[in-house]
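Next come two complexes, and both contain chain A; in the first it sits with chain B, in the second with chain C.
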Partner chain A sequence: MGGLLSSLYETYQSTLAYTALNSLLALSVYTSLSCGQLALGSAGFAALGAYSAALLTLQAHWPFPLALAAGLAVPALLAVPLGLPVLRLRGVFLAIATVGFGEVVRLCLVNWEYVNGAQGIVAIPQKTAVWMIYLALGVVLFLLARLRGSKWGFALEAIREDEPAARSMGIPVARYKLSMLVLGAAMAGLAGALEAHFTFMVAPNGFTFGRVVDMLVFAVVGGARLYLGPVVGAAFLTLLPELLRELAPRVGIEAGPLRLMVNGLILLAVILFLPSGLVSLPGRLRAMRAARSPP
Partner chain B sequence: MGQQAVNGLFLGSIYALFALGYTLVFGVLDILNLAHAAVFMLASFVALVLVSDLHLHLLLALPCTMALAGLLGLLLERVAFRPLRSRADSNVAGLISSLAAATVLEAVALEVFGPNVARFPFGTLPAGDPAHPLHLFGAVVSRLQLTIIGVAVILFLSLTFLVKRTRLGREVRAVAESPRAARVLGVNVDRAIAASFFISSALGGAAGVLYGLAFNSISPDMGRSVELKGLSVIIVGGMGSMPGAVLAGFALGLTEVFVVAHLGGSWRDAVSFAGLFLILVLRPHGLLGAVSPREA
Partner chain C sequence: MTPLLSLERVYRSFGGVRAVDGAALTVAPAEVHGLIGPNGAGKTSVLNLVSGFLAPNAGRIVLGGRSIQGLGPDRVAALGVARTFQSIRLFPDLSARDNVVVGQHLRRRASLVAQLLALPSARAEGRSARETAAALLERVGLSDRILEPARHLSYGEQRRVEIARALGSAPRLLLLDEPTAGMNPPEVRAVAELIRKVAAEGRAVLLVEHNVRLVMEVCERITVLDFGKVIAEGTPSEVARDRAVIAAYLGSEP
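So, the complex of A and B:
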């Protein structure tokens, strides 16, 4: 039994790790969404975290916890000067400005000889264990759970529902938005730093526009109104390809296109029929059953 | 110098064409249609099938492809946009549903055409006489470049005519201004929105065909390379502004060519995005965008 478990663990170790890493990244997009801001700089923040931590480990031989802390702090600090001008933008403009930021980070890394340009940094010692990623996710979820129902949490909800009204109630809207961007940047940076020390390498093409779109999709599919949503979405969409790989030969479609197709259809179905995401599914089903059989 | 200007204009005309469709839908619905790049890519494949399997002449295949791309746009509007229109967060929801549609379309292309790069058959466009290349202001202009710029200019002019001079164009502009007021005045809002999707996708399709011709490489992920550039073009030009999109499209084409010539190929995209970022921070309404009174 123990042997079976450990062999299962060996096979699915990376899936397990990525479930938690993707959850962290999805949550980093969620923090801004929770006050109604579509900020898509997380791929850039994750890149900054990953590169900072990897360089500190390899070049300065910092102990791992300190390198992780730096991977968390560097993007968080950079989010302040980024957020001050950019958070004045609204809706899709903010989204595009932050995507632009992420691309500039990625393209600068591509052009930076010291970190091997497009090839990236390799042979980073593997210091991340799967439990560390889950510990980080647990801490983040604990923080977000405490936020809910607090003064802070109510302020965020007020900003999300009606920003001018929130402002006129005396809520310092700009400060809350910036804090959530910084929090998201820290989470993305931590995820990047953990990932770099898990996969032995970092390269700029791991932080493309496509990656941040994935994070947004995780958050939306799971449900962007509750902090558990992004985790459910990330877990579901990270485990799904494993299932589809088994299924692909039976339907006669190759695994790659099938995965894309299923992802796209799930996203479309969720946005059309389940706007609050998968986490709202049990409630919706209960409501439907209650409606069908009145007591 | 002159040569780079010609190359830049050539590239810019494709960007401008792509961005026009993007900005048209944004102007009308305030929604970023991320499936636009997928339409661009599929159209390129459709044209390839028409030219190489059905042996259509390119100048006949282009309008056919544009019509098919337009129909795809109608389908997208029906499936991914119309159901969301009454929702409060419709611009973020629309962004995401268009993303979903783009993913599905890319999966279809990947399954039908495979992941490899496809090319137009040799001689799709007459190459001209290599011994006597065309000269224009001291620069060498290929027949291909001339065709592409010509097609783009014809499409710009017909779009301008359509939007400025026809009844449909007036209706589309009215809906862009205010759907509710347009409906009160008797405009069929659903029809105007559907029409702008048709036109937008037809233009995106034309851009796809021209891009496929220009680089002679068609692949399921070719939309990725123009998706973000198209975004930066419409932002820089001013969201919803069609002259702005054309101007910014040419500006991006020229910038890219000059950056590649003077700084090196790997800096091309970095300079473009840094420019986009600066414009957004300094002048969020773009070069030609108007500040709407409700947002100011």
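So, the complex of A and C:
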């Protein structure tokens, strides 16, 4: 029994790790969404966290916890000068500006000889254990849970629902938006630093525009109105390919294309039928059952 | 008595339109002050100037001895000004109670650390904010609907939640922008009663309202705007007799 469990764990260790890593990354997009901002700089922030931490352990021989802290702090600090101008933009313009930031980060890394350009850094010591990623996710979820229903949590909801009304209540909207961008950057940076020390390597093509779209899709599919949504979405869409890989050969299709198709269908279905994401499914089912049964 | 709020020769134009054209008015502490005038006279612009949603092109706005022109809405709110909106701006997915809880933002003092650690002080504050919200909703006659999402409430109920939300910050000055629009007569009477009680607590009210009868009934003084200019100022009976006011409302005789 113990042998079976440990062999299962070895087989799925990477899936387990990516479930939590993707949750963290989805939450880093969610923090800005929670106050109505579509900021898509998370791939860039994750890259900054990953490279900072990797260089510090590899070149400067920093202890791993300190390197992780730096991987969290560097993108968080950079988010301040980035956020001050770009958070004046709204909606899709903010999205474009932050995507631009991510691409600038990626292209700088591609052209930086010291970190081997497009090849990236290899032979990073593997210091990340799966439990560390879950611990980080747990801490983040705990903090977000505590914010919910507090003065700050309500202020974020108020900003998302009606910004002028929120300002007239004395809520300093700009400061809140910047704080959430910084928080998201810290989370993305931490996820990047943990990932780098899990997979032994970092390369610029791990932080493309496609990666941040994935994070957004996790958040939207799970539900971007509650902090649990991005976690549910990330877990669902990370585990699903594993399931499909088992199923696909039996129905005679290749797993790769099937995955993309199923992901697309799920995203469409959620946007059309469950705009508040998978986390709203239980409530919706309950409401439907209540509506069907006579009073 | 020194005024709580004074506007000194305030100008604001939009493109070529002078929405507020050298307007001056003063509101004393605990006074109910009416602001009336025909459509497009600049009443809402005055409220937007006072609450920081607009900055004047020229002139001074003084609140409690301090110049506030150019401050943003959140800064002005922190100085004790709360408002409602002509087109209702509740947080539609939040319950009536949570809307009023948000309105207490400025009064909540617990630190972020206390909240994150769920210290008793932070929890007690959250509880008292909910209790205060329930009490304020009872004041506006909505005690049976406090958990209803704001978007499910009727028009008149939403206006009353907005007033309760504005009172949540315990303001020195309450700006009401057509609070009785879309209300039935009993609701209007309740709002009139509420405005009187709010003033009796020492809060000043600046009331923009189309229902002239309500304004005459609850206001101590009235300022009349027309094309952004003040054309009359005085007690309700003075204003009602004023030739310029009658001309503005009914058209002047040839």
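Going forward, the second predicted complex is superposed on the first by the 294 of 295 C-alpha atoms of A that agree within 3 Å, B and C clash if a C-alpha of one lies under 4 Å from a C-alpha of the other, contacts with A are read in each partner's own complex, and residues count from 1 in each chain.
Everything below uses one rule, namely that a contact is a pair of C-beta atoms (placed from the backbone, for glycine too) under 8 Å apart; a residue touches a chain by one contact, two chains touch by 3 or more.
Only a predicted model underlies this, so the values are computations on that prediction, with no experimental measurement involved.
On the superposed chain A, the positions of chain B and chain C stay apart, so the two partners fit side by side.
Of the two partner chains placed around the shared chain by superposition, chain C is the only one that A:A158 touches, whereas chain B remains out of contact.
Between chain B and chain C, B contacts the larger number of chain A residues. In the overlay built on the shared chain, the residue A:V92 is in contact with chain B alone; chain C does not reach it.
Judged by the touch definition given at the top, the superposed model places A:L27 against neither chain B nor chain C. Once chain A of one complex is fitted onto chain A of the other, the partner contacts of A:L194 are absent, as it touches neither chain B nor chain C.
By the touch criterion defined above, A:G149 reaches chain C but does not reach chain B.
Contacts of A:E254 after superposition on the shared chain: chain B is touched, whereas chain C is not. With the two structures overlaid on their shared chain A, chain B and chain C come no closer than 10 Å at the level of C-alpha atoms. For the contact definition in use here, the chain B contact set and the chain C contact set of chain A share no residue.
By the touch criterion stated above, chain B contacts chain A in their complex at residues 32, 79-80, 83-84, 87, 91-93, 95-97, 99-104, 106-108, 110-111, 115, 224, 227-228, 231-232, 235, 239, 266-267, 269-270, 273-274, 276-277, 280-281, 284, 295. Those residues of chain C lying in contact with chain A across their complex are 51, 53, 72-74, 77-78, 82-83, 85, 89-94, 98, 101-103, 105-106, 108, 110, 112, 115-118, 122, 125-126, 129, 165, 168-169. Residues of chain A that touch chain B in their complex: 38, 85-86, 88-93, 95-97, 99-101, 103-104, 107-108, 110-111, 117-118, 209-210, 213, 216-217, 220, 253-254, 256-258, 260-261, 263-265, 267-268, 271-272, 275. Of all the residues in chain A, the ones that touch chain C in their complex are 143, 146-147, 149-152, 154-155, 157-158, 161-162, 164-173.
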